[in-house]
Amino acid sequence: MATQSESDDFLSEGSSSAQEAEEPEIEARVGWRYTLSQVKRDATAMAGLFVVGLMTLMATFSFVDAELFAFLAQFETFASVGVEKYWFAKHFWVSPIAEPQGSIQLLPPVGMENQFGAGTWAHPLGTDDRGRDILVRLVYGSRIAIEVGYISTAIGLVGGVLVGAIAGYYGGWTDDVLMRAAETLYAIPFLVLVLAFMAAFGRSLMFAMIGVGVASIPTFARLIRSRVVSVREEDYVEAAEAAGVRDRNIILRHVIPNSFAPVLVQGTLQVGYSILIVAGLSFLGFGVQPPTPSWGQMLSTSKDYMLQNVWFSIWPGLAILITVVGFNVFGDGLRDALDPRLKN
Amino acid sequence: MGIYRYTIRRLLQAIPVLLGIITITFLLSDAIPGDPVQIMLGPSPSQAQIEAIRAKYGLNQPLYVRYGNYVWGLLHGDLGESLYYQVPVLLKIKQRLPATLLLLISSFAFAIVTAIPLGVISAKRRNKPTDHISRVIALVGVSTPSFWIGLMMILIFVYHLGWFESTGLVIPWEGPGPLIAPGNQAAALGAWTDHLVESARHLLLPTLSLGTLQMAAITRIERSSMLEVLSEDYVQLARAYGVSERTILRKHAFRNAQLPVITLIGLQITAAIGGAVLTETVFAINGMGTLIVNSIYRQDFPTIMGTTFFYGLVFVIGVIVTDISYAYVDPRVTYGEAE
Amino acid sequence: MSEPLLEVEDLRTQFFTEDGVVRAVDGISFTVNEGEIVGLVGESGAGKSVAASSIMRLVEQPGEIVGGEIRFKGETIFGLEDVERDGDGPPEKVPRDDMLSNAEVRERIRGREIAIIFQDPMESLNPVFTVGGQLREFIEINRDLPENEARDLAVHMLREVGIPEAEERYDDYPHQFSGGMRQRVLIAMALACEPSLIIADEPTTALDVTVEGQILDLVDDLQGKYDTSFIWVTHDMGVVAEICDRVNVMYLGEIVEQADVDSLFHDTQHPYTKALLNSIPRPDQSVGELNPIAGVMPEAINPPSGCRFHTRCPEAREVCTRTHPGCREVGDGDGPHRAACLKHEGVFNAGYVESESIENKTTGGFDVGLTEEGEADD
């Protein structure tokens, strides 16, 4: 119970040895190249990386087609050549938002049949309640999930690392105040906190991201703090201190880089978790507003049509499942590679 | 043993956390845009009406006074009055809390009862087919949106098979109602049985829907923790003294392996509460979750604050309960408390 | 002399890892007689602990005993025989009929006949059970005593190993004991089961020097009293000198020298043993005169060709890179004295004398540069 004496946190109290098992101290002793070679040998982790990469690519593409083109369309030069929002989708595929005239609603996927007709190759996964193609909406919906996952994790990670590093490095009352605040934040259930946050600041996607990010700060802060407390006792940090290097530089150059491995693992897993949370928010109606496609909101709409076309519910659910599995599997693989002792 | 001192210390430590929760929710609700008065009085109230309402809710006072009043009221069990329902928030919460607690407790019970054997078997048969299956179940479980599981289960078990109910909860301890004639014990027994069956039919799907995530998370940590403990020196020592694998698993390794699991269960409470909000929406349960979601739509800030505080309270109590069970399992925790 | 208590012959234990097969124990043979303390000495990674756990068949996946024989009091703890397969191909190794089953090893050997004391007393006791409870459980299993008698014996044994107020400390948890006290508890555990052999796997390494001395004295006393045999696994030649009757020196999974303790110290026959002895600090030496062994031990996954020690050996010659010496009788004194070094030309006849000396870059005192493995693989 080494941490017992130094931490009097509400949450870690009495559970410090479990905490050690849960947030293992991962030695960054082997460098990135070695880590990569270990991940490469792990077929499951590579499959996870593939999913992560594919989804990121899809999301980037959707982002360019939606946001970047919408932005460019404001300028005469681009507008004159026909650049508009969803320019690519409209010209080479189908628009993810327009409700096409004469299209059949709630069509099943190819090879299936329901009361509205048989599935066609024009809409391989079927159509939704407004006759829009489900596949294109799934692809463009990836953007929201990935964007939210990355940005909110980035907010939580940067905030958490700063708070945790400062608290762990300075100790004393700084530590007390910061960690108490983090604990309190943690004590309010994640989704409830984000809901309250959105109630206060607005029900837009941006506040969902910021809310999820802020709500995940305590997780990172606790993780990094426990690392910092042990790293700062190491010789090289003491040497730097003795040599008169300034605190900020010690934290930035020595403490944080040496604590980064577990944060990276946690970050990967957090992306998956954030995607789930934001899907839940969209399901409740807090999130991106229609007609912009998002998986959570597709699920939310589809629940009224489950008896007519169950596929409308299945596809976005599967999309979330596969993406989150990808992040989880990759995160697990990363952890195994960074700390072979934990490999099970 | 010092477990009582330990418990008291944990309870005392919870006070600043609860105060912190109050502060955060108070500040957040202060930032809620729009004038609640408008929500209550409609589009064109008279100036006098506005003043009356503002005075009634203390909205004309500065922030710190309102904060002080709120904390003071809370100490006396007064959470303010709901803007929408026009009743005390505490009353509303009292109506809604049982359903949410029932859902949370039953889903944790389901998760713990299934996950612990699954994780132990997985560790025992490491890298064998059983292990692979249980790991896939756990992985899918932590990666699937709980509300989607709920929707799919409603489709199968309610619409297609008709086995269970998909809306609302029947609280088992509230009894079958006053319809039974007093003194008729057989009728009372029958009514109670029907009532409990009905309650189970309503509870099962939400429990599974919410419990899957917890189950999966606990299975994962149970497996890895068991594997870690099984490679400890003291387990190897027990083997070296001729203790059978069965006894090692059930006695020497099991208790130690539960320590990280207990911590995780405590921390999972927060995820479960979030999941409960979604589950209540999917299954149209009148619990705290639907209360807070609707209150946010209606900008009913006293209710938002009250529910958030109660959620925090549920979490804090949950963590203390898990910590005390932890201290029960691990004698090292209370070491030093006895002096 | 009567039949030895334990006979280990050509024991091989390997670990099948992702990176290849680690030959942790690679054909070692030794015996332990009744009432004797036999040392198993070498640097960490030499395979001593694996050898120790092999004797109790406690090797865990991915490790496996792949060959050799272990006999204890006439019973076969481990033994294989060749069985012709139906088709062609090499014969298959299967357990012999007289080899004890897993259940038999567990019920008849472990604890009852052979007990073990692990290296790290801090990790060897289960933190969530009381010290007395753990001791009592092992006594119940291995001595067939009812609970109350087992409890009395447990308290008696705690007193025997010098734990003050044993009756009260019985209900304490391991974290309430110091490292030295815990090691005493583990010794009590081993002795309480009254085994014929105790394997002590570096039992004093984790303790500080004064405590180490107390524990060694304690074992010396109790060994005389209970007449138990010991296998004492250590890397510390000082401990060997103090406690052992006979010594086996291990290097990279092999035994390189085997002798009684006096002739090992005074008539050293293997350069590795010599190097180990030179690295013990002595009061008449300054630190500068200390002679640590140059280089680090190569990994057992890819051992050097020829003599495994040639990469670090100050006396290595060209022939040592090619010819692998077995452990043979080299002594001229009274007791048996075996060594695995080609410099004993009269025994090995490998052409050591005319072979050219090879320059080991690392022969100097403090130069501890890494040694290239397996140079000149031919």
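Think of it as A, B and C in the order they're written, each chain with its own count starting at 1.
We take it that contacts are C-beta pairs under 8 Å (C-beta built on N, C-alpha and C of every residue); 3 or more make two chains touch, one makes a residue touch a chain.
Model, not experiment: these values are computed from the prediction.
Relative to the C-alpha centre of subunit B, the farthest chain centre belongs to C. Between B-C and A-B, more C-beta contact pairs are found at A-B. Subunit A and subunit C have CA centres that are 52 Å apart. If you average the CA atoms of subunit B and of subunit C, the two centres end up 54 Å from each other. Measuring from the averaged C-alpha position of subunit A to that of subunit B gives a distance of 24 Å. In subunit B, the residues touching two or more other chains are 330, 332, 335.
Multi-chain contact residues of subunit A (touching two or more other chains) are listed as 1.
Counting only residues that touch two or more partner chains, subunit C has 175.
Residues of subunit B that touch subunit A in their complex: 6, 10, 13-14, 16-17, 20-21, 23-25, 28-33, 126, 139-140, 142-148, 151-152, 154-155, 159, 221, 223-225, 227-228, 259-260, 262-264, 266-267, 269-271, 273-275, 277-278, 281-282, 292-293, 296-297, 299, 301, 304, 307-308, 311-312, 315-316, 319, 323, 326-327, 330, 332-333, 335. Per the touch definition, subunit A reaches subunit B in the complex via residues 1, 4, 8, 10-11, 13-15, 17-19, 21-22, 180-181, 183-193, 195-202, 272, 276-277, 279-280, 283-286, 296, 299, 302-303, 306-307, 310, 313-314, 317, 320-321, 324-325, 328-329, 342, 344.
Across the complex, subunit C is touched by residues 231-244, 252, 255-256, 329-332, 335 of subunit B. Those residues of subunit C that touch subunit B in the shared complex are 56, 58, 60, 106-107, 109-112, 115-116, 118, 120, 123-129, 137-138, 141-142, 173, 175-176, 186, 189, 193.
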